[in-house]
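So, here's a batch of structures to check.
Same chain, two partners: subunit A is paired with subunit B first, then with subunit C.
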Partner chain A sequence: MRRDPVKPFLAAWTVLVLLFLFAPLFVVALFSFNESSISRFPIRGFTLAWYQKLFANTALHEALWNSLIVAIATVAISTALGIGAAVGIHRYGGRYGGALRSFSLTPMMVPRLIIGIALLTFYNLFQTNLSLLTVIAGHVVMTLPYVILIASARLVGFDKSMEEAAWDLGAGTFTIFREVTLPFLKPAVVAAALMSFTLSFDEVVVTFFTTGNDNTLPMMIWSMLRFGITPEVNSIATLTIVASGAFALVAEMSLRRAQVGSTR
Partner chain B sequence: MKQYDVELSGVVKRFGSFTAVDGISLAVERGKFVTLLGPSGCGKTTTLRMIGGLEVPDGGTIRVAGEPLSPDGGASRPTRMVFQNYALFPHMTVTENVAFGLRMQRLPRGEIEQRVNEMFALLGLASQVGKYPHQLSGGQQQRVALARALVTRPRVLLLDEPLGALDLKMRKHMQNELKRLQREVGITFVYVTHDQEEAMNLSDSIVVMDHGHIVQHGSPSEIYQDPVSAYVADFIGEANLLVATVIAVDGTSAVAETEFGRIAGHLPGDFRPRGGEKVLVCVRPEHVAVGPGPLALEFEGAGTVRDIAYLGGVSRVAVQVGGAVVRADTPGLFAGRMADATAFGWQAENVRVLPYDARFDGHVEE
Partner chain C sequence: MRPSVGTVLSFLAAPKLWLVVFFVLPMMTMVLYSFWRVADYQIVADFTLRNYEKIGGSLYVGVFLRTIRISIYVTVLSLLIGYPVAYFLARKVRRFKLTLLLLVILPLWTSYLVRTYAWMLILGTQGVINQSLMAVGLIEEPISWLLYSDFAVTIALVHIYMPYLILPLYAVLEKINPSILEAAWDLGGGRIRTFLSVILPLSLPGIATGCLFVFIPSMGAFVTPELLGGTRSIMIGSIIAQQFGVAYEYPFGSALALVLMGIIFATAAFSLRYGKPKGLA
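And now, the complex of A and B:
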């Protein structure tokens, strides 16, 4: 084999980048098991006390519950809307399809802070009572472009003659969608749902502007930080990282399956 | 009385400013294997898709099985299509794919199972039932697509270049399979291809298309022996097309002057050129004899051997005559050499005098 002088350099570089990405997360996880209440080396000893304290905190339970409600509702709404939009653009967009798709993706590029402010202004204008409903609506605005993006990417590989074949064999529009289009989109639907869930579950900024008295988990963590970074915060962060990571992993696997599947 | 399964009358289809099908009329007899033949862009696939209801014509009428075509879908439609890329449902097994159309017809489960199994037996798919399309070879996918369409017992089966994706050997094999299948099920097949050999092998009749028009409709032998135009003669088989000027017309035969002599030949259909009109004289290479003269043929010329290609059964010899080249197929190995002076010739019955078409002027000189 050809000797590649860049290879060891690239290997070292990769390790460095991974270290940069994951060292902070690792440190957070490490300190969540530390006996000392100050997040500083050296480690004093191993304890699960902070996790126990966490599970006893009822305010935190409520926040977690709210986060789950928001995330699940966001997933349901933005997946349904986004898949519909992507299929609509793909099927009926014609020569405006590309422009329409790009336009529907712009909220992804707008800073969350601006989305939050815009939503709050909008809600005030119509004198909407801020509640979990307004939070859900905000999260849908934020996650919808990702769903459209993922579904559109999958649809690029879609062979329209499959729908034609189904029509030819006597299927109606709804049957074609349910039996042919949707099964084809399934990996994208799974990926988009997991992506929306993760985005919604972690969101602070948009939630901050759109919530009334209800607290979500990331908001709770944010408020706990006023007392400094306590081991309790570290343990909750660790749990969130693990959960998000698991979701992201499933989403990635599902997307990969989608790409392999589309090559038939 | 003849019964027609597909009747087109003055059918037009436009895509924006492009007219894909320009007022064609066609009647397809029940139980026949009919092929729409032409190069890409000639309108053959659009015509097929209109018969299948996948495109709505901008003008004219289409009747299938005697009934005007309805733009609505539904399981009682009289046609089924086999798509070029098969369009199998990738998330369904072979059985589920084949049963799809019967499920849409809301048949009882027992009958679906029975009819699907009949199809598997007919197409030799019994060992593939639990597999998914991506686990099958191209030829097997082709069979599944055929089974999926035929299981619904359509009046007319439409096939859009179904063998295009297969390799040569598999294509030949599937051609014979298709012929057998059509005979066994006895329904009308309308087939689209750009492969003239495939069309010749499969069809009861061939519809040659060009730029949205039907140029000729006839049996393979009619199309081959009596092409109505240089386009048809050139597309189906090999043809020498020589520019000439009409000298005399007598009934269905004409004499035309070329740069190397007067050639007599038959006129196709109702083509009756006037004296002095520019025409193309068409002779198939297999009707041209070549060798040391005299050849004792009704027409004889002399030229120079420009090229010899050994094709196995025959040798193709290109003879330069002035500015023109005449190609001749001679059995076995050709005895002459390059640059040899040679005679060539043919019998008048094998010559066709066709309308002039600028696209084929100088065709043989390339």
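And now, the complex of A and C:
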């Protein structure tokens, strides 16, 4: 092959774009240690005071607790339904498989704002009391397509003869699912669960329209931001960035190790 | 394998049922509401086209046009910035490929609210850019249009949604068979010609999907324009949200949302139809 004169330029461009993607996150982290209570650049001094103030804020504790409840319920429901849907479409979809998958993925093509207000009109029509339950229902709609997508991608590499062998050995459908299909899907389940957790934990728009009096963490950040920048926001934001980064890494590792395993 | 009807149903029906109850029915309710009206702070169920007539007024048409314009800027910028990255990842690197790919995916996992907020710290009058430029002596007064402007909204939306464009583009570019490229070389096509007449047409499906992944959420953006947009750069998302707040104009808000969905579906249908590779595929 010829020497490639374009490559260094593309490499430099990619580095610049990655800087553009990451620099703003570092700016937030930097400001969270700023001694001054005004978020003014350059930062002066180093302090952990904002983090201490954060941990002492009881309103925040409640919001965090609500966010965790919603995220854990969302993960449980959407992972169970999504994995089931992906396996179902893969096994029994037949010629309707494509249509069924497209249908399951449509919420991805609808802005969160619309998912939120559509649910609000629906709840309004049936006079439903808004609570964390109504929030969870919306978060499942939002995360389900991601679970189905991740599980379907993993199922592409699935050898159906493994299920058939188990069938011939006398295993029932659910035994096969538990003993053969699910272990194969485990890395996808881990990744999908982590992804749903993060999506739900960070969601503000769908929550905004479907919650009653209960605040979640992003809702608190949202209302704090509307009254201007406060140093505490920097520290909450930094903590969520670190947490989602860690989740992303674990999910990627889980999927990647599985890929290496299956090609051997 | 002969599964029982019950098994098939439990695998297929339960997830579908959730989507029908909490997604399809709500969307249908929204359609219904868009033809109703509010009287004395009560939603009244009688058929009217008034909500849609109201949207025809110049105020809302203007906001729709601004929203479309900003979303197009965001999409085109994301494509121009993201295409070389996707191309580099797909065809030019081997050793650090997975690491680089992970770096592109990583920001997608962080909250869009936090990423929007980051731009307040960067673009504000006290922010990184203005204070740095002033320290160097390039400007004496902070540049006021950096924050609370279309500029701020556009740059933040590019930052938030561009990775969604890189991923499908990467997937398509990676699948291009190297022997097609070698054939183009052997036939005497130069670098630029090979790119324009082989690679670019073959990557059209990736471009179409990627652009939709940026355009759709930009059209429905609410948090970002609300925090970074100026008083004169309102997008339709904020107007729709207002109708479901203190204004209590659910029917009018539903009608606005349906018009928005109409524009989104039309764009999606158009780009998926014309986003197919011609000739070579």
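A few notes on this one:
As a working rule, the second predicted complex is superposed on the first by the 256 of 264 C-alpha atoms of A that agree within 3 Å, B and C clash if a C-alpha of one lies under 4 Å from a C-alpha of the other, contacts with A are read in each partner's own complex, and residues count from 1 in each chain.
One rule holds in what follows: a contact is a pair of C-beta atoms (placed from the backbone, for glycine too) under 8 Å apart; a residue touches a chain by one contact, two chains touch by 3 or more.
All values reported here derive from a predicted model rather than from experimental measurement.
Look at subunit A after the overlay: subunit B and subunit C fit there side by side. By the touch criterion stated above, A:L18 is placed in contact with subunit C alone, subunit B being left untouched.
Look at A:G82: by the touch rule set out above, it reaches subunit C but stays clear of subunit B.
Contact with subunit B, but none with subunit C, is seen for A:D159 once the two complexes are overlaid on the shared chain. In the superposed model, subunit B and subunit C sit 100 degrees apart as seen from the Cα centre of subunit A, a figure rounded to the nearest 10.
Once chain A of one complex is fitted onto chain A of the other, the partner contacts of A:W167 extend to both subunit B and subunit C.
Taking subunit A as the reference chain, the count of touched residues is higher for C when subunit B and subunit C are set side by side. Of the two partner chains placed by superposition, A:V135 touches none, neither subunit B nor subunit C. Judged by the touch definition given at the top, the superposed model places A:S244 against subunit C, while subunit B stays out of reach. In the superposition on chain A, A:P183 makes contact with subunit B only, while subunit C stays out of contact range. In this overlay, which is a superposition and not a single complex, subunit B and subunit C have their closest Cα atoms 6 Å apart. When the two complexes are laid over each other on chain A, subunit A has residues 164, 167 in contact with both subunit B and subunit C.
Per the touch definition, subunit C reaches subunit A in the complex via residues 1, 3-4, 7-8, 10-12, 14-16, 18-19, 22-23, 25-27, 29-30, 32-33, 43, 81-82, 84-85, 87-89, 92-93, 98, 100, 102-115, 117-122, 124, 126-128, 130-132, 135, 159, 162-163, 191, 212, 216-217, 219-223, 226-227, 237, 240-241, 244, 250, 253-254, 257, 260-261, 264, 268. Listing the residues of subunit A that touch subunit C in their complex gives 4, 6-7, 10-11, 13-14, 17-18, 20-22, 24-25, 27-28, 31, 38-42, 77, 81-82, 84-85, 87-89, 91-93, 100, 103-104, 106-107, 109-115, 117-122, 124-125, 137-138, 140-141, 144, 148, 163-164, 167, 173-174, 195, 198, 202, 204-205, 208-209, 218, 221-222, 225-226, 229, 233-234, 237, 240-241, 244-245, 247-249, 252, 256.
Residues of subunit A touching subunit B in their complex: 159, 161-162, 164-172, 175, 179-180, 183-184, 186, 261, 264. Remark: subunit B residues 52-54, 73-77, 79-81, 83-85, 87-91, 100-101, 104-105, 133-134, 148-149, 152 touch subunit A in the complex.
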